[in-house]
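Per-chain residue numbering starts at 1, and chain names A, B, C and D are given in the order in which the chains are listed.
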Amino acid sequence: MFYREAGQFKTSYQADSAVFPILQDRIGLAVILAIAFGVIPFFATEFFVQGIMIPFLIYALAAIGLNILLGYAGQLSLGSAAFMGVGAYTAYKLVTYFPETNVILLILVSGFVPALIGVLFGLPSLRIKGLYLAVATLAAQFFLDWCFIRIAWLYNYNPSGAIEMPARQAFGLTLTGPAADYMLRYYAVLGIVVLMTWFASNLVHGRIGRTWMMVRDMDIAAQLMGVKLTNAKLTAFAVSSFYCGVAGAMLVTLYLNAAEPGAVFTIRQSFLVLFMVILGGLGSLIGSFFGAAFILLLPILLRTAAASFHLPIEVKNIENLQFMIVGALIILFLKFEPHGLARLWQVGKQKLRVWPFPY
Amino acid sequence: MTAFVESRPMSAARPIEKGETLLSVDGVSLSFGGVRALTNVSFDIKKGEVRAIIGPNGAGKTSMLNVINGFYHPQQGTIAYKGQVRRRQKPYEAASQGIGRTFQNVALFKGMSTLDNIMAGRTLKMGVGLFWQLFRYGPALNEEIEHRKKVEEIIDFLEIQHIRKTPVGKLPYGLKKRVELGRALAMEPELLLLDEPMAGMNLEEKEDMSRFILDVREQFGTTIALIEHDIGVVMDLSDRIVVLEYGRKIADGSAEEVQNNQAVIDAYLGVAH
Amino acid sequence: MLYKILIDPFVQMGAAPDLLVQAIWDGFVGGVLYALIALGFVLIYKASGVFNFAQGIMVVFAALALVGFHQMGVPAWIALFLALAVMLLLAISVERLVLRPLVNQPDIILLMATIGITYFLIGFGQLVFGGEPKRMITSELGIPKGAQDFDVFGGFVSLQNIDITAAVMAGIMVAALAWFFSKTRIGRALRAVADDHQAALSVGISLNQIWVIVWFAAGIVALATGIMWGARSDVSFALEIIALKALPVLILGGFTSIPGAIVGGLIIGIGEKIGEFYWGPLLGGGIESWLAYMIALVFLLFRPQGLFGDKIIERI
Amino acid sequence: MTTAMGAPADTFPKLLLLNAVNRASKPAVRMKDFGIWQTWTWAAVLDEIRAFALGLEALGLKAGDKVAIIGSNRPRLYWTFCAVQSLGAIPVPVYKDGVADEMVYVLDHAGVTFAVVEDQEQADKVLSMTDTLKSLRHVIYDEERGMRGYDPAAIHAFADLQADGRRLLAADPALETRWRERIAAAGGADLAVILYTSGTTGKPKGVMLSFDNVVISAQNGIVFDKLTEAEEIIAYLPLAWVGDHIFSYAQSYVAGFCVSCPESPETIVDDRREIGPTYFFAPPRVFEGMLTMTTVRMQDAGNWKRGMFDYFIEHARKVGEQILDGRPVALFDRLKYGLGEMLVYGPLKNRLGFSRLKVGYTAGEAIGPEIFRFYRSLGLNLKQLYGQTEAGVYVTLQPDGEIRSDTVGRPAPQVEIRIAENGEVLYRSPGVFLGYYKNDNATAETKTADGWVHSGDAGFFDREGHLRIIDRAKDVGKLSDGSLFAPKYIENKLKFYANIKEAVAVGNERDFCSVMLNIDLTAVANWAERNNVVYGSYQELAGHPQVYDMIEKHVDQVNRDLAAEPSMCDSQIRRFLILHKELDADDGELTRTQKVRRGFIADRYAPLVEALYDGSAERFVTTEVTFEDGRKGAISANVRIRDMKPHPPVPSAEAAE
C-alpha cells in the first residue's frame, strides 16, 4: 500500500543486488534508526532503556549469532549460552588486564576467543549432522559452564565465584560498573549491535552467506559446486560464536554488571536464544530482532495483562505460564509458519507491495 | 542468392569432429557392502561429444556418474581425467577440475532464488575474503558484480529472465531442471554430467531442453555425458552411447550400433537372465 | 602431573578394590536410570523417527503427577494409576496436537517441536503441581528402604535396597518390552513401522494409533524412571538437566537399539562415576556434568552410528 | 531546433547529431538486458549508429535502398532506422508476427535489399522467402544466439558490422566527415520511412512519409502536451505501427527523452512497472486488458478488501474526473478521494506502472467509455487522439480539461479538417503523407490534388467543436426499417464487459441487429472456477449454457443502454451467439492491430449469420483455422443462438449502469 515502486529501475548490478533495493524500505530503515538513536533516548524512561531496550538489543545480537549457524548454515547448536559465556569471561579478563583500554574495543575483541572455541566444538560437525550435532553442542554447553564455575582464574579467584564488572571507560565516558550511566550504555550497545548487524547482513548477502545456505539446503550439491564443507561449516561456527561471544560480553559489561557462577550461561539460556531464532524466523536477520523482542516482552506483557485485568496469578505462575506459552508457540510456529515472525513480516510486506491486489 | 539455400542451421545430429579423450574409465568396479553396483566398466568420453549412458533401472548409471564426480570411490579400476589418473578425489576437487553436474531429483538450493542458485555455481571462481565481505565493498562488491554478469549471460541463454528472482521452491519442475542446468553451466565446466535432464518433462519441455543441451555444446564447447530414459531423445542427441545393465557394460557405440545390438534389445525388452 | 592422570588413579583402584566396586555399583545404578530414559527415547524414535527431547521432562512430569495426586489425598496405588492415565492423556495430546500436524517434516523441525513440548510441560507441571522439590512416595508404594552390606576385598560395599529395586525393575521392564515387541501383535506392528510404514498399515493399525501407543509406552517407562529416580533424590525440575544425560547414552548406543540404550546407559553411568571418583579431584570436581557428553563426542568422531546402530550410507 | 551550423535539424540523423552534443550524457535508450536496464547516452547512441551506418555502407547499402526492419522493440533496431536514414536509404519496418504471406508481400513490394532482423527466428523467416525476394542481398541479425553455421557472406551479426564500421573509421577518419556531409545534404522533404498499413481490406499499402511529415508531427505533439527530455516511455508496440514510430522514435529524437525497451514479451508488465513511464501510448485493447486483469485479480481478494476497492472505485467514478479536470468538488468528497488515493488509486496505479504518468494516450479505435472513465477517475490523465498513418498520426487531440469519452478532441496543431457530404472526415496537414509506395491509384483515391486526405471514417463536430467518429464511413449502415445501425458503437458497449473479448454486430439492411461474441478466456475461466463450471476446452466453455446465461445478462444490459438513446433504440440486439473459436489475426479475422475485420468475418461465418436471421436455435459449422506455424486445420461445433427481448425506449437520457 505504501510501496510505490513504479519508476524504481536499476541500471547497475550494484543497485540491483543492494540489500534494500526498494526506496521505501530504505526510508523505513532510516526511520527506525532515527527512532533508535534520536527519539528513544529523549523520550524513554530509564526502565524502558535499561530494562527493555538494552537486553533486547543484546539478545537480538545473540540470536543473530545462532541464526547464522542454524538459520543460514543449517547447523543446530544447543550451546549458544556457553559461547556467550566465553565472550563474557574473556571480556572480564580483558578489562582486568587492560584497564586503560577503550572498553568497547575490548568487548569487540572478546568475540575472538569464543570464535576459536566455537571452531573447536564445530569440528564434530564435519562428521556428524543434525540431531547428532545437537548432542555434540550440548557437550560444549556443559563443559564450558563447568569451566566458568571451576576455573578460578576466570573469575579472578573471587571467593564468591562471581564476576563483578569494574568501572571502565570508552572515549572518556564510564560505561561499565554499577555507576555507569544507562543512556551511555544504551548508545554503546546500540552502536555495536547496528554495526554488527550491518556486517552480518553483508556477509549473508555475499559469497560466504551463499556458501552457508548451499550447505544448509543441499550439502551434496554444494560440494559438487566446489564448496569445501569443512571451511563453510567452520566459518559459520566461528562467526556465529563471535556474535554470541560479543553478545555475552555486552551482557555482563553493559547490562548485568555481574554474573553469578552457573546462573547466567546455562542451558536454559541456550534454549531461550534458540526460541528467539525459531519464533523470529530461521534464516532472517530481522527475525532475530523480532524473536528477541517477543521472548523478552512476553513475561512483561503477561505481568501487565495480569495486573490490568486483576487476575489472581502469582508471580511464579506467570513464569510457568510463560513456559507454557512459549512451548505451545514453538509448536504452533513450526506447524504454521516455520519461518517465524520474519515470514509474517515478509508476507505482510509483500501484501503491501501488491496492494490492492490479493497476495 | 544461392548462398542462402546452403546456409541452413546445422542439424542437431551432425557428428562433430572427434577430439581427444577427455575422460577414460577403466575397469571400474564399485560395491556397497557386498552389493555390486558396477562391475568392470570401461569407456571413454571424448572432448566435445555428447555421450549418453543408458540402461534399465538399477543398471548403475547414477553410480557411474557419482564415481566420475568423486562421490564414490571405486574398489577397482581407475579413472583418468585429461590424461591424469586420479586417486580418491573429493567432489569439490572434481568440481575445481571442471566437472559439472545435475541430479536426477533436482538438487537445487531450495531456500534461494534462481539468481542465487546460479550464483552458487560460481563459488569456485570467487574468493574475496571475510574482511571485504563484511563491508560488501571494494573487491567483494566488484567480484559479486563481475560474476553476476556471467550469471546473467546464462539466465539469458536459458531464457529464464522472468524467474530470475523467484525462489526456486516455487518453480514448476521443468523450470527447476533448467535452473539446475544453469547452475552447472555457471561453473563453466569442461565436462558436464547430466543425470536424467528430461525426466518428468512433457514433450515441449524435452524439446527445449534438447535444444539447450546442443546449444551448450555449440556455444561453450562443453563435453556432455548424460543419462536419459527417453531413448528417442538419446538417439537424437548423442554421438555415442554406453549401455549398462546390472552394473556391466553391454554395448558401446553410435546410436545405430547400439540400436541394433542384440544384448541391448534383450535388456530393454526384459529378456530373463 | 602425567603420573597423576595416567597412573595414580589405577594405583588407587588396586589399593582399594572395595571402593572401586562401590563406585561401579553406584555408576551402575545411575546408568540404569539413564538407560531407562534412553529406552523411552528409543521407543519413540524407532516408531516415529522423532528425536524426543522431552523424554527427560516426561520423567519429571510423571513423577510429579504421581506425587502430586498423592499429596491431594489420593492413595498411593490409585495415584499410580492416575499418573498412568495422565501419561496416556499426554501421549494422545502429543499425537493429536504435535505429531499429526507436523507429519513429514524434517527431523530437525520435529526435534524443535519436542523442545517446545519440553517447555510446555515444564510450565504446565509447575503450574499444576508446584515447582518446589517433593519427596517421592517410596514407602507408600512399598519400595524397600535400608541397605545391604557386602564384604568385598576386605572392605565392604553398601547396596541401597532402593537401588537394587531399581535395577530389578529396569530388568523387568526391559524384559517386558522385549516380550511385547516380539510376541504381541501390536509389538510386531511397531517393529514393522520402523522398517516400513506400509507394512504396518497392512497389519491393520493406523500410524496415529501406533504413535499413541509408543508415546504411552514411553510414558510408562518415564513413570517408572521417575519413581526410581525420585526415590534416590527429590522430585524436582532439576532432574530435567540430569535427564539430558540420556542423549550421550543414545549417541553411544545408537538411536534405534534397545540393547544399545541399556549398554550405553551403563557405560555412561559407570564411566562418569569412576571418572568423577578417580579423576574428578584433579580437575576440581563436578566433571560428572560434562564427562558423559565428552565421551559421546569422542565416540561420535569414530563411530557416528553408535555401538549398535546401522552404518549410515549416504545416497545421492 | 537547429544544428550547430545553424541549419534546421529537419531529419533524424541531424537530430541525432544535435542530441549527441546538447544531451551527450543524458540517457537516450535503455533496454532491460542481463537483469538490469542497460543504458546508452545520446553520445553513445551516436557512436553506435555511426559505426553501424558505416558498416552498412561498406556492405554496399546505397541511397534509395529499402531496408526491412523486423523484430521487437530493441535499441539496435531503433538505431537501424537512423543509420539507414543517415545513408539516404529508407527503412521499412515490418510486423514481425505476420504470417509469411503477408511479410513476403511487403518485402517484395518494397523491394528491400537489406533486412535487419532481431534473431534466428526472424532470420529463418526471411531466409525462407529468398526464392521470391530477388532483390534481397544481406540479412543482419541482432541476437547472435544460434546463428553459427549460417553463410557469413550474406548473413551478418549487427555487432560485426559495427566493428567493421569502427575499423574503417579508425583507418580513415575522413569517413566521418563524409558521413556528416551526407546527413547535412538531406532535407525535410526527403522520403524518411515507408510504413505499411495493415489495412482492413486488401493488400497492405506502403505509406511514404517524409522527414517533415514525421518531425513536424512529432514536434506538434510534444508542444501540445508540453513534453520534455525528462519523459520516460516504454517501447512495446510494433515497430511497423505509426504510433510506435512517432512516440518511440520520432518524439524521442525531437524532445530528447529516453526510450526503454522491455526485456522480453513475458516481462512487459513488470518492466513497465519498473520504468514507470511518464508518457504512455496504448491502443484501447491494452487498457481493456489491464482493466480485465484488475477485475479478475480483485475477484480473488478477500471480502473486506474487495468491498473497500469497490467502494472507493465507485467514489472515484463519481468525483475522480471532476478532480482531475480541476472542477469544483465538495470538500468531503475530496477528502474521501484523498483517502481512496492512499488506499486504492495510488497502489493500483503503482501496480499498473502509472504512478508517474503525466499524460497517456489511447488511439487506434474507440475506447469503451467505461474503460476510459475508469482510468481517468483514478487520476490518470488519459486522453484520446484520432490519427492515421497517412496523417503522420495526429488528426485530432484532446486538450487537457476537455476530455470526453465519446469524442476524439479538436484538430491537432496545423491540421485542417472538414466533413464531406457523406459524413466522411477529410484532413490536411504538414504530416500528410507523400503517397502510397508504388500505388498511384490508391494515392489518387485517398489524397486530393490540393492535399486533402480521405480518412474513410464517418464523423461530425459537436457543439463544442470536438470531432466525434461514429464508425468507418462504409460500415455505418441502416436497418431495413431505415433506422441507424452503427455496429462498432454496439460492439464497444459489449466489449466493456470483462467477460466479452470481441463482438461483431450484424444488421445492415436487415430487420434487426444481432451479434456474434468472443468470450474472454481469462475472465470467463476465472468465473467458471468460482461457479464450479467444468469445461475441457475453449470451445466447450464458449458453448456452455451457464456461460450463455451470464453473457445474456450483459447483452440485456447493453440493450437497456441502447434503449435509453433515441437514435440507437431500434438497433437493440435481438439475437446473439458465442463463437466457438477466438477471432485470430492468423486467420485473417483481426488485423495485425487487432481490429475486427467485420466483412471478412461475416463471409467466413455466413452460415451463422444466416442462422441468426432464419430463426434457428443452433447451427453446426466447420471452420478452418491456421496454427502458429502456418499449418491449417479445421474445428467444428454446434453453435447455439439466444433470443433477446428488446426494452421499450426510455424517455430519460440517463442510462442505467
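Going forward, a contact is a pair of C-beta atoms (placed from the backbone, for glycine too) under 8 Å apart; a residue touches a chain by one contact, two chains touch by 3 or more.
Here the structure is a predicted model, which is why all the values come from computation and not from measurement.
Of all chains, C has its CA centroid at the greatest distance from the CA centroid of chain D. More contacting C-beta pairs link the chains of A-C than the other of the two pairs A-C and B-D. One finds 33 Å separating the Cα centroids of chain A and chain C.
Inter-chain spacing, taken between the CA centroids of chain B and chain D, is 46 Å. Separation between the centroids of chain A and chain D, computed from CA atoms only, is 57 Å. Centroid to centroid, with C-alpha atoms defining each point, chain B and chain C lie 50 Å apart. Of all residues in chain B, those that touch two or more other chains are 71, 103, 148-149.
Under the contact definition stated at the top, the residues of chain C that touch 2 or more other chains are 316.
Chain contacts: chain D has residues 35 touching two or more partner chains.
The touching residues of chain A, when paired with chain D in their complex, are 1, 3-13, 15-16, 354-358.
Residues 33-35, 120, 124, 127, 130, 134, 136, 145-146, 148-151, 153-155, 263-264, 266-267, 270 of chain D touch chain B in their complex.
The touching residues of chain C, counted against chain A in their complex, run 51, 97-98, 101-102, 105, 107-109, 111-113, 115-124, 126-127, 131, 241, 244, 247-248, 250-251, 255, 283-287, 289-290, 293-294, 296-297, 300-301, 304, 314, 316. Chain A meets chain C in the complex at residues 76, 124, 127-128, 130-132, 134-136, 138-139, 142-143, 145-146, 149-151, 220, 267, 271, 274-275, 278, 316-317, 319-331, 334-335, 338.
Listed in rising order, the residues of chain A touching chain B in the complex are 12-14, 17, 19, 199, 202-203, 205-208, 210-211, 213-214, 216-218, 220-228, 235, 283.
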